[in-house]
Structure formats: C-alpha cells, structure tokens
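Next come two complexes, and both contain chain A; in the first it sits with chain B, in the second with chain C.
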Partner chain A sequence: MRQFLPTRSDEPMYWLMFGAGGMVASMVLPAIMVVLIAAGLTSGDLQNGFLNLGQVYGIFSNWFLSLCVFGVIFLLSFYALHRMHHSSHDFGIHSKLTWYIAYGSAAAISFISLGLQLLMYVKFF
Partner chain B sequence: MSEVKSFRKPYNPPVKKMTWWLENPFYIFYMVREGTAVLALFAVLEILFGIFMLALCELTPNQSLTGVAPYVWYLQNFLGNPVIIALNVIILVSQLFHAVTWFALMPKAVRVFMNKNSTELLPEWVTKAALYLGLVGATVVILAVAYLTK
Partner chain C sequence: MEATQKTMKVTVLRYRPEQDKEPWEQTFDVPYHKDTSVLEALFYIKDNFEPSLSFRWSCRMAVCGSCGMMVNGVPHLACKTFLRDYEGKDMKIEPLANFPIERDLVVDLSDLIEKIERIKPYIIPDAKNANMPLNKNFKQTPMQMEAYLQFAQCINCGCCYAACPQYKLNPKFIGPAALTLLYRYNVDNRDAGAKLRAPFLNSEEGAWSCTFVGYCSEVCPKHVDPSSAIQLGKKMSATDYVFNMIKPEH
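And then the complex of A and B:
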C-alpha cells in the first residue's frame, strides 16, 4: 500500500522572504548606500560626520531602530542568496548543495547580526 | 528542504560555456538584473562588518579614543577608502536598476482588481507610481533622519 506523505513544498517561505527582501533592496537600500557613501566622504570628522559614534550609539541603543537594521540585514541576505541559488541553474549547477550553502549562509548572516546587536544592547546598559 | 519525494523530471539543457549569456542583449540584461543580488549581498556584509567593528568597541558613555578604535578604523580606513566608495556608488546604481526592474514586474505579479464586481484590473501605472512614491518617500525619510541626527 502506498504511503501518502504531506505534499507540501517549503519554497513559499523562501519566496516570501525573497519578495520582501527585493522590496527592501529597491526601496530602502539606495538610501542606505547614500548614507554609507556620505559616511565614507565625511569620515575625517569624527564628531559631526555621517554615522559618527554618537549617531550609531543612538541607533543600536534603541531597540526599535536596532530591530529595523536587523530586519534589513535578514531580508536582504535571504533575498540575495535566494536569487544567487536560483541563478546557479543558469551556469549548469543543479546540485542540492547550493540550497544548503545559500540558505545556510543567509541564516548565519542573520544570526550573527542578531547576536552582535544583542551583545551591543547588553553592553550599552 | 522539504522531505517530500519529488516526481518532477526537469529537463536541464546542457550549459556548454559559461559565457552563453553574452551573445544576446536580452540575456545580458537578465544576467545583470540577477547580478544586482550579488552587490546587495556585498552591501549586507558591509553593514554586518560595521556592526561587528562597533561591537568590539567599549560602549560606555565616556569612551576613550582607544576604546572605539575598531569603529574609527572601519569608518576612516574601510568606508573612507576610495575603492570602497567607488564600489558603494556602483552598488547604489545597481540597486536603482534593480528597483526599476522590480517595480516593472510588480503590476504583472500582483493583480489588483478595480472592484469586486468586475474583472477589470487597476492600470499598471497606478501600481508603479505607488511603488516609486514609496522609494522616494523612504529615501527622503532615511536621509532626513540621518542628516538631522548626525
């Protein structure tokens, strides 16, 4: 007798994060890149430049802003690696290894970011 | 990965050379569009590196300049490096290109009906205009906050 397993794919979860991350990449990332470029150009001035110490302390000692930064990193890493995972088919790679590499790295990036942000939050108080 | 046994038998055409996509402008456009994801990943790693360098610092209110040396190095020698600034400009342009392609496909992926009683769809330009407004709004808010709190 044939056993019927639940026939559900887990692809929608990754596709959801890909869609959300694509939205973040198109709406929020350009502004973040402008801030990073401005921070590089004004890095000589440690008191009043973009992303000076006071400003980044303000971002990471605020739980809401810190969570926003985590959300950007989490969604963007899953978006970018999902897209690269599927692009690997265009180069003749059909191994399941790319699945583990892509989503494993995305999860690692997200957990490292969350861990470091929690560490900073603990260090502030 | 789901544990379900797949009965799919996809046909995978052989890839004879890695530069097949350079022969047709449409494929070049496709590959450049997919390639913006690599640059987005680089931006993520850049931000993560900054968070790592900040986490190495002493985060007490009266910090000495030696206590915050890792973040100052990140700011001046990494973000201030001309190569990284040039790369950031390339990432910025690539993400704007990604935004254009992403917004162009969105009305095709998300079908919004005019009302319950008809199958008439909302015009594509309405969805696109809303998305471009979102991009402009988010950019203005983030840049204004970054400028006013610096």
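And then the complex of A and C:
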C-alpha cells in the first residue's frame, strides 16, 4: 500500500537564521555594546556618545570588522522580521504577503547595509 | 459540619444533539469540601440534579486521560482539579476546546487519535534487533532512558490540543502530543524508526507549525513539556534538512 507522505518544509532555513540572529541579539550585541561603552568611558574616544567619522572609517576600512558588522545586521534583521512574520500569523493574518514583506525587508536591509559598507570601504563618502 | 459546608455555583455547558440546536449553559449549586474535585462535582450534579449529564471519566487519579475539560477556560483534568482552588469564584465547565462536541462534556477526539497513530508511536527495531530472542534484554543506560522518559508520561488527554493556538488556527497541525511522542520514540535507543517518522516531523504540518507559544506545557497535567519536545524536534528536523541539502536521499 502506498502511503501519502507530506512534503518537506523549507522552514528550517529561516529557523536556523532566526536562531543565529537570536544568539547575536542575546550574546554578541551586548558584548559589543559593553566594549564600545567601556572604550568611550575610559579613553574619551566617543564624542557625545557617538563615534567620530575617523573612527567609523577605521572600522570599515578593515574588511574583517566590516564583515562582522554586516553579519550582525543581516542576522538581526532576519531574526526580528521572522518573528514578526510568525506573529502576524498568530494575529490572524495568514496571507503569503507577510512572507514577502518580512523576508523582503530583511534582505533589503542587508543589501543596503552591504552597499553602504562597500561605499565606505572604497572611501566614497 | 453540614452547617459550615460551602457551596459553589457551577455552570456546565450542555449539548444534547437530538434535542438542542446549539450548546447552552446550565448552572447548579454544588456543595464542596476541601477534597472535592471537579469530577466529583460532576458526579454530584449527575446524581442529584441532571441524570442525563454526559462526561468521560475512568481512573479518577490522573492516569487514564479521559476527563480533560475546560475549567474557567483553561484545559484541566477534572479529577486533578479541586473546587477549593476556585474559592470565592464561580466555576464554568466546558468541553475541551478545539474539538467537536459530541454530547455535553464529551468531545470527538478522533483527530487526536488519528495523528498519534500517524507518527508510528511504537518502537521500530532495526534489522539486527528485530529477531532478538525474547529471553535477551535490551541494555539501556540511565542516561539513554532519561532522554525520552519525561516525554513518555503523556496520557493522551488532549489538554495540549485545547491549549494550542496553532492547532486552533490550522487543524492540520500534527499538534503537541503527537509530536512529543514522535520525538520520544526517535530518541529511544531501542528504536530505529526515525527515518519513517521524518516526513511528518519535517513537514509544514509537523514541528514547523509550532511558534513556541508554550501554553501546551503550562496546561499539561503530567508535566510532559510538549513545547520543549517540539523545539528539540525542530533541531532534529533542521539537522536533517542540512544533511539532505549536502547529500539528498531521493
């Protein structure tokens, strides 16, 4: 007897990114903030709580740091918008549209961030 | 003693398909002691006011899983819930949510039963162990037993399905109890049936319909923690997904 078997869901892909983003939000981001705030408090590197332009260039002229910043932004945007996509389902919106809006925005945020960083890297600004 | 006995207003949802068009509420004054359970309150109503009141019950000690029902909107086992905990309030008893009502407090659980059957809730030995002599023991360490023991405490009462907002939204969702049993057999070291169960776990109606609300674990009268089993199942399914990307099986 041939049994009908359901098809495999693609959700693991999004869920793994969501999980990675959750780790970044709960562990990496606080560490970055502690380091930045500590640096600002101890050496007076921060002007009015912000990095100055030279310091920002300093970060983005290093390809490794640039990649880290992109990774953080990419994962955090997928993390947040994945949660909102599923919450909209809980609130009774079952349209496929939320899928496009959520992952589309996450991809757009990531691409904009990547683009800005590349421009920063080639000293466009 | 009689003079100090307290009474509680207990409202029961009634539905008799041969005479009622839709469910309706009936209220009774039920005397109670500190050890009166909701199930005993229902016995009192059946014995003294309404002999036609229908409800499922059997063991009276939270083992059989027959008397799941909504008490003030929360899924409970009637035998394990006591009137003393609702002192000063009224009580409303309704049939388990998210299931069709058959009569009064009796619901049609056939969807739950079908889903539990679907995920093959039994040990499927591998070829090597299939013909193991009956006088030989299968060795299992305490650690190997611990992996599944908590999830094996399920009594199929259906409280988790009544609590699950995802099952309410999409009745195709395999649901907390069945997915918990799926995980329970997959992690049992005597079992080799994970491949046969994988299509159900990996599907949209499987673990991936769960959004980790966690209310199932809160209401579970046996502290099985289905939401934890489903998240562990997601981990299992995600690993399978990645391996299938690297080396597709079909």
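Note that in this section the second predicted complex is superposed on the first by the 95 of 125 C-alpha atoms of A that agree within 3 Å, B and C clash if a C-alpha of one lies under 4 Å from a C-alpha of the other, contacts with A are read in each partner's own complex, and residues count from 1 in each chain.
Basically, a residue touches a chain if its C-beta (ideal position, glycine included) is under 8 Å from a C-beta of that chain, and two chains touch if they have at least 3 such contacts.
Since the structure is predicted, the reported quantities are computational estimates derived from the model, not experimental observations.
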**Item:** Comparing the two partners chain B and chain C, which touches a greater set of residues in chain A
**Value:** B
**Prompt:** Between chain B (first) and chain C (second), which, if any, makes contact with A:Ala80: first, second, both or neither?
**Reply:** first
**Asked** Which holds for A:Tyr57: it touches chain B only (first), chain C only (second), both, or neither?
**Response** first
**Touched partner set for A:Ile32, first chain B, second chain C, both or neither** = first
**Request:** Examine A:Trp99 and indicate which partner it touches, taking first as chain B and second as chain C; both and neither are also allowed.
**Result:** first
**Request:** Have a look at where A:Asp90 lands relative to chain B and chain C in the superposition and call it first, second, both or neither.
**Result:** both
**Message:** If we overlay the two complexes on their shared chain A, which of chain B and chain C does A:Pro12 touch? Say first, second, both or neither.
**Reply:** second
**Message:** In the overlaid three-chain picture, which partner chain does A:Ile112 touch, first (chain B) or second (chain C), both, or neither?
**Reply:** first
**Prompt:** What part of chain A is shared between its chain B contacts and its chain C contacts?
**Reply:** 5-9, 87, 89-90, 92, 94
**Prompt:** Mind pulling up the chain C residues that touch chain A in the complex?
**Reply:** 165, 169, 199-200, 202-206, 208, 211, 213, 234, 237-238, 241-242, 244
**Prompt:** Any idea which chain A residues touch chain B in the complex?
**Reply:** 5-10, 22-23, 25-41, 43-44, 46, 48-53, 55-58, 60, 69, 72-73, 76-77, 79-81, 83-84, 87, 89-92, 94, 96, 99, 109, 112-113, 116-117, 119-120, 123-124
**Of all residues in chain B, those that touch chain A in their complex** = 1-5, 12, 14-15, 18, 21, 31, 34, 36-38, 40-41, 43-48, 50-52, 54-55, 59, 63, 68, 71-72, 75-76, 79-81, 84-85, 88-89, 91-92, 95-96, 98-99, 102-103, 131, 134-135, 138-139, 142-143, 146-147, 149-150
**Fill in**
chain A contacts chain C in the complex at 5-9, 11-13, 15-16, 86-87, 89-90, 92, 94
